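Dropping the structures in below, format is structure tokens.
In the two complexes that follow, chain A is the common piece, with chain B as its partner first and chain C second.
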Partner chain A sequence: MTETQNSPAVQTKGRQNRSTARKRNIVVRLRHLPVFSLIILAAVIFVGVFGPYFAPHDPVESNLMDAYTPPFESREYILGTDHMGRDVLSRIMGGARISLIVGLTVVFIAGAIGTLFALVSGFFGGWWDTLIMRLTDTFLSLPYLMVAIVMAAVLGANVRNIIIVLCVIGWAGYARVLRSEVLQLKEADFVRLAVTAGCSRTKIMFKHIFPNIINTLVVLATLQLGVTIIAEASLSFLGMGVPPPNPSWGLMLAQGRDYITYAWWLCVWPGVAIMLTVLACNLLGDWLRVRLDPKFRQI
Partner chain B sequence: MQKYILKRIVQAIICLILVSIIVFMLSRLSGDPLTLMMPPEATEEDWDLMRRQLGLDQPIYNQYWKFISGAVQGDFGQSIRWEKECLAVFLDYFPNTLLLGAAAMAFSLIIGIPFGILSAYKVGKWYDNFAKLFALMGQSFPVFWVGIMLILIFAVQLGVLPTSGMGGVQHLIMPAFTLGWYFAAAQTRLTRSAMLDVLDREYIKMARIKGVPEWSVILKHAFKNAMLPVVTMAALNFVVLLNGTVITETIFAWPGVGRLVVQAIFSRDYPVVQTCVFIASGLFIFTNLLVDVLYAYLDPRIRFQ
Partner chain C sequence: MAKTILEVKDLQTYFFTRRGVVRAVDGVSFSLNEGETIGLVGESGCGKTITSLSILRLVPQPAGRIQGGQIIFEGEDLLQKSEAEMRQIRGAKISMILQDPMTSLNPVFTIGEQVAEPIRLHQKLRKILVWDKVREILGLVKIPSPEVRMREHPHQMSGGMRQRIVGAIALSCQPRLLIADEPTTALDVTIQAQFLKLINEIQRELNVSMIMITHDFGIVARVCDRVAVMYAGRIVETAGIRELFNHPHHPYTKALMDSLPKVEKKVDRLYSIEGQPPDLRDIITGCAFAPRCPRVMDICRRQYPPQSTVEEGHHLSCWLMAGQGGANG
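Showing the complex of A and B:
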């Protein structure tokens, strides 16, 4: 006699099949995650947040007796020490914190400003669009590093001013890209229906259009995080960023340059840290771009 | 077509005016620009003299009008440190930046375009993966670290190239590589995507069916059509490259505009800084305009947007 569909044996087998299928689904999805970039970024975030609690030494405290210790020769200073006897590993961990603070703050603020301008410019059109687009083109045509170092020199070199400088220069990229998305969405049926239904323009912008541009915004923000970290390191390298003795990857490279002939590790480790972080951001951004929008799979 | 060109020219002029306002305001961000320029030991008379000399006692709109009317005629004021015309100081350093920029651009095109073509032709093979890895590395390695590593390897350890300065061809190799590295990666990516777009077209399939040799299909038929976005981006990238020489010139002590800006900032010579930033932005706006007009001339779809 054949079992009916709702018999307990079939139901149990069905539940097992569903649970196995769900587990297989999760494993398949996990295999497609960008494991390398997630591990690196998780490590950087963990070190940035909890670094001060488990760094082997104080990144700012100098100990001239132990200056120029090469890496891997002393158990106390795994990555060596610099010209002031400061532990390179502890300074790299401190630098991660500064890079993260600057990077995430700038991406958030510049992204918010750029998104707002893109929404207003794309949705309202007319004079708003002309004005905002001319402003965007102007900021995009400025030589960003030159302007950044001038502003940093004028305002003074500290973390708050670097964030201000990088936000002022960085918002235009977001505005330009997101505006074209907003222009496309403006013509979509659901937006026209919302207008017909009598929705206020602000409500359409933030409730209907904004959720649809979040995908592009997330991809852009991830890629811009890497760019911002390099920008902060460049400013610190030129002496316009985080002031000494605070640890910053760019500042460590600038200081290490003077001792390159006999202390090669002072230039190598901070650069590796920057490179791995930015590589992880770029890989994650590329993965997100493909995952969130199949149009870009070829690039 | 004329309407489009006129519209783009008007937009470029508006951008240039806005850039001039931003550049003018840069040194006035913290209030009185004289506080940035005067040494600590200056007396009250020195301050008054400097203020009159630089026209800072005038109302701000008079100062701006003086700046913009002078800029249009090529008069950016007098340099405080070099004691000659700012434009003359800029023109002393600009040819060196042009040389470095041209070398870096040549390197990025010579590496980037063939990599991009090969990668698009053999999608999925090891050349493609290698080119994609190269493109990723190029965009992840910070410029200053590449420069320092090159100095460490070739100048300090191997001793085959000089560490810094400007002289013969051997002085140009490392700075050009450092500056061009990022753009080589960007060029690879762009060429690859442009070629992939073109290789799918009907006329490429037709050429293959006709029996045209494969090298001819790739280079004569596909690349010629893919070249349009590649060349226009290369022109824009050249100006971006010129504006981005600050770090490379600082590392290699190359006497160019980037290093001039850093030296001028540290010497508090803001007229020279203003000149450099204004001319750099002007170059970018002008090249952007030229590229857009050229693109519209070559691709009629753009004109009717």
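Showing the complex of A and C:
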């Protein structure tokens, strides 16, 4: 570089420094990511969305000649086959889709209902509060298996009804936890300041209070995702969820239970799938809890 | 003669609780000229804050209610306005600074967004103009490098800086009246002085009237033009700042002044007023200060003293003065 270009060179150097600093920052951020959770969840989501296109077999196609193939023995059935000769790997891939559909839908709908109720209950107080909180108490004390059995008996056991049951039960938890946050925030000085600035009540509720409970909401939702996946598995296990022959992790556990003495893999693989997914959800929730605190953002 | 911007007439704000009616503000009257600062001084619980909340019509619901009186702001009675009309006034024409800067800002929004909010609420401006205005106001309250600071969150600021931002929010729509409720209590002394100086400067620049609520006579001396001393929901003495400091007349005002530490007089123990302020649930006949007053007379316990005028702009309610100076209440 010649001397005449000295000053632009200095400028570029400064710019380079800044960009390397930014790169380093990204590296630091990446290092703090919950790699395990993200890999597991990414895999579950990928398989849930695209599974049917590259699954080695049709998850409901039975091939009695190959029944009870143990895992890792045949190249065609890596995780083995069940009592009807269905490929366990393909069924787990299919089960991921059902778990995801149920989990995400329930978390979304129950979260929305619960948050709305929490805001109204906590912010408006009075009659609204009493009404909504007694309703919450009632729903929290409903035994969800009983409700599910009744629903399955009346409406029939299918994915839509599982979602309805789990939503009916699920919103109350959000409402209870978030309401206490709203109550606290309602008395906060910044809310009073917004009132003195001429904000209307609805605007305060959605613009000032809601963003402050999003952190808790996201953490609750990730934890709820795990709980919902387990609940779906339990319902399917009990025969009140996804009807056979559809692949569902809970249903696979239930069917595998009968053969556990000589075909361990029928229970172990879906069990592992449930455990890893739920664990990943919970770890992600834990990481988000710390990460979403605005005080942590600058680090 | 300066224009009167605010006139509070016989304001009564009561709280209806299960254990009786609390007369938090019981017949407060004062007026405020354009660009003038009045200090509301008194012990905690004497009704200073409730008076200011009444002006904004933000008395805590559902127990509190403005029972009577008039609040005339720019020629219109605020008590006759609808809630929607009040929202147009709050933040645009009358705004408020709260006590604790650490909790007055919303932790999830950037400083810029919070300063912009009242502007967006009250003025229809284009986005770019709003940000220009935010920058200008942050400069006005002497935030260094506003361009950078407006992108930051409240937790990245010190207490003094946050209080200046709260000030910026209050001033963002160029209000005619600023109510400051003990704005410096949570700040340390050097920052206090800085903040008060800044407020005074801005006030002069924008010609804003101000109600300064405080229990600190030091602050009163520094920023106020006039003082109203409150006791048990009433104003007992009001006077210009010099007049009040040089010739306090009401025994309560004198007692407050005596309980301030002074440099030139070294004492072992500071003077303190005997007894407690009265329970505002009781019906008080006569002067509320009578049980604690060193110069109490028989009539004090029977009848509330009429307002008397010591001189132009210096009024008080005390039987000691009722004979002299000509009663007019």
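We take it that the second predicted complex is superposed on the first by the 273 of 299 C-alpha atoms of A that agree within 3 Å, B and C clash if a C-alpha of one lies under 4 Å from a C-alpha of the other, contacts with A are read in each partner's own complex, and residues count from 1 in each chain.
One rule holds in what follows: a residue touches a chain if its C-beta (ideal position, glycine included) is under 8 Å from a C-beta of that chain, and two chains touch if they have at least 3 such contacts.
Here the structure is a predicted model, which means the values were calculated and not measured.
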Checklist entry - Who does A:N212 touch here: chain B (first), chain C (second), both, or neither? => result second
Next on the checklist: For A:C199 in the superposed arrangement: first (chain B), second (chain C), both or neither?
Outcome noted: second
Checklist entry - Is A:F190 touching the first partner chain B, the second partner chain C, both, or neither of them? => result second
Checklist entry - Now for A:A153: first (chain B), second (chain C), both, or neither, which partner does it touch? => result first
Next on the checklist: Once chain A of both complexes is superposed, is A:T138 in touch with chain B (first), chain C (second), both, or neither?
Outcome noted: first
Item to check | In the superposition, chain B vs chain C on chain A residues touched | outcome: B
Next on the checklist: In the overlaid three-chain picture, which partner chain does A:L238 touch, first (chain B) or second (chain C), both, or neither?
Outcome noted: first
Item to check | Residues of chain A contacting chain B in one complex and chain C in the other | outcome: 298
Next on the checklist: Which stretch or stretches of chain A touch chain C in the complex?
Outcome noted: 188-190, 192-200, 208, 211-212, 214, 294-295, 297-298
Checklist outcome for this item: Listed in rising order, chain C residues that touch chain A in their complex are 56, 58, 87-92, 95-96, 98-100, 103-109, 117-118, 121-122, 153, 155-156, 166, 169
Checklist outcome for this item: Interface with chain B, chain A side, in the complex: residues 134-135, 137-138, 141-147, 149-151, 153-156, 226, 230, 233-234, 237-238, 250, 253, 256-257, 260-261, 264, 267-268, 270-271, 274-275, 278-279, 282-283, 286, 298-299
Checklist entry - What residues of chain B sit close enough to touch chain A in their complex? => result 11, 14-15, 18-19, 22, 26-27, 29-30, 36, 136-137, 139-145, 148-149, 151-152, 156, 189, 192-193, 196-197, 243-244, 246-247, 250-251, 258, 261-262, 265, 273, 276-277, 280-281, 284-285, 288
